[in-house]
Amino acid sequence: MSAPDNAAAGAVPPDTGAPPAAEALVTALMTRDRFSQWLGIEVLEAAVGRAVLRMTIRDDMVNGFGTSHGGILFSLADSAFAFATNAGGLLSVAIDCSVSFPVAVRPGDVLTAIAIEQSTTKRLAFCDVTVRNQDDVIAGHFRGTVYRTAIPHQL
Amino acid sequence: MSAPDNAAAGAVPPDTGAPPAAEALVTALMTRDRFSQWLGIEVLEAAVGRAVLRMTIRDDMVNGFGTSHGGILFSLADSAFAFATNAGGLLSVAIDCSVSFPVAVRPGDVLTAIAIEQSTTKRLAFCDVTVRNQDDVIAGHFRGTVYRTAIPHQL
Amino acid sequence: MSAPDNAAAGAVPPDTGAPPAAEALVTALMTRDRFSQWLGIEVLEAAVGRAVLRMTIRDDMVNGFGTSHGGILFSLADSAFAFATNAGGLLSVAIDCSVSFPVAVRPGDVLTAIAIEQSTTKRLAFCDVTVRNQDDVIAGHFRGTVYRTAIPHQL
Amino acid sequence: MSAPDNAAAGAVPPDTGAPPAAEALVTALMTRDRFSQWLGIEVLEAAVGRAVLRMTIRDDMVNGFGTSHGGILFSLADSAFAFATNAGGLLSVAIDCSVSFPVAVRPGDVLTAIAIEQSTTKRLAFCDVTVRNQDDVIAGHFRGTVYRTAIPHQL
């Protein structure tokens, strides 16, 4: 593969000494994130304070009622929350999260999570994640708070 | 299958017309709960309004930071919450959940979740789940509210 | 004051047998809501699933640190939440609420709360309330869930 | 007033250079906390990581339904949370709080809030507050997280 092609692929940013760009950082996080990989999560968008993820519910993700286990939707939203709040370049760790479940989710459903940072302070960031199903119905309202450490991410 | 074998298996209570006992109900839920099985969850105790579960964090449960994905601890707590609140015999579905993460969890850690219903009304139940690691340190504070339907569980 | 003036004030809608309009309903709720009156809350907008309220922080609303007591911002948001979710005409009662505090609020600050219902089911509604100060900085992220009874409001 | 009487009142601890004792610190916070005073809050107990408060619901604390405004119970719990988490001597500010309302509260009801810190890290503390009415029925489940600054309280 030629150098221009490689640069076009964009996975490896040039070494400029600047913090890694949001997309490259989220790609690196996703590469190491074995549980998000098991979930089949795809990253549709990644930017500072914003991430959009998608996944399809499988038969091995059900609870005892035959619907999607609540932990599956939470995990999708939690990954979106982590990507959005870490994309700015500082290691940020979850403190408190909440989730509400307006409707049941079932195998075959396709969930899309949109995470948007709502406000940030020196040490905290507050982020909302809305999860919709393939019919554009809201299946989950997630909200999370991170503690922003002073440690920059390194790829 | 002979009667003694059947009795030894213990999964099927005699048909008395009474609602299924809490333990048999939780066993039935767990048998169908493919995601809790993937997590490797063991049911240590199950009673009306109470459940104790245990699991070990594996390498395929990590996030992009190499620690346990927040969705793993949430899922363990959510299963304990579901078992505790459904063990009374009425189909009960999660409305709102919250979780806080005081310490990081790592592969090899053994988590134990204790779910205890704190109060119930005709249509709602409020449940706390405390998750501790193998050093008895609290790794997660979970709280959940269920809507109690009028539909009895059937095994 | 003459009768036409009185009618123009609009507090009492004509008896048409239809459910009271959102604005009239919120006016009636506010008239009886002695704590919202103590807070000095003004209703700027009221519609089905939406309410906008405003208040000014007074010296008698501080906590032991001299900043606005957390319960003051919560109460403003909770009133907006109640008005937005009840304006549809069914008695709706709060189940679970959460609030986050990105910045401190001080006497003299003017807070505006915008409540917007995010999703509804037959028996539940989920509502977000964002509270901003006079500099348009977010001072509170509130989220609440109500149980929607089948009981219509009567003025 | 004589010296012995003064000592018996206990409001002013001797100047030993040590951080102020939990009780003295909570007394000082309560003295400046004009909103908790308006609520009629009494401090029954105060210790590091623990506070017990009591108040009586008055007619001027109702919402539009004639029951106690949700912000009243929240405020009582929030004061207990603040006292319990600040009693250790470091200025600690609320980040995220949640509250659930199992039963309605009415004028004349007497509420008692018990706040107990559940876990602490270097910079965070997680605290539960259970609010009961005069019949020992749980009227509120509150949970809060504080950011523990490095700033010691001074009386």
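To keep things simple, chains are lettered A, B, C and D as they appear, and every chain counts its residues starting from 1.
Just so it is clear, a contact is a pair of C-beta atoms (placed from the backbone, for glycine too) under 8 Å apart; a residue touches a chain by one contact, two chains touch by 3 or more.
Bear in mind that the values here come from a model prediction, so they are computed numbers and not experimental data.
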Chain pair with the higher count of C-beta pairs in contact (B-C, A-C): A-C
Selected pair, out of C-D, B-C or A-B, that shares over half of its residue contact pairs with A-D: B-C
Whole-Å separation of chain centres (CA-atom averages), chain A against chain B: 26
Length of the line joining the C-alpha centres of chain A and chain C, rounded to whole Å: 33
Inter-chain centre distance, chain B versus chain C - centres from mean C-alpha coordinates, in Å: 37
Residue list for chain A, restricted to those that touch at least two other chains: 95-96, 98, 100, 124, 145
List of chain C residues in touch with chain B within their complex: 95-96, 98, 123-124, 145, 147
Parts of chain B lying in touch with chain A, wherever the complex brings them together: 28-36, 38, 59-66, 69-72, 74-76, 78-79, 82, 86, 91, 93-101, 104
Chain C contact footprint on chain A (complex, rising order): 98, 100, 102-103, 118-121, 124, 126, 128, 130, 137-138, 141, 143, 145
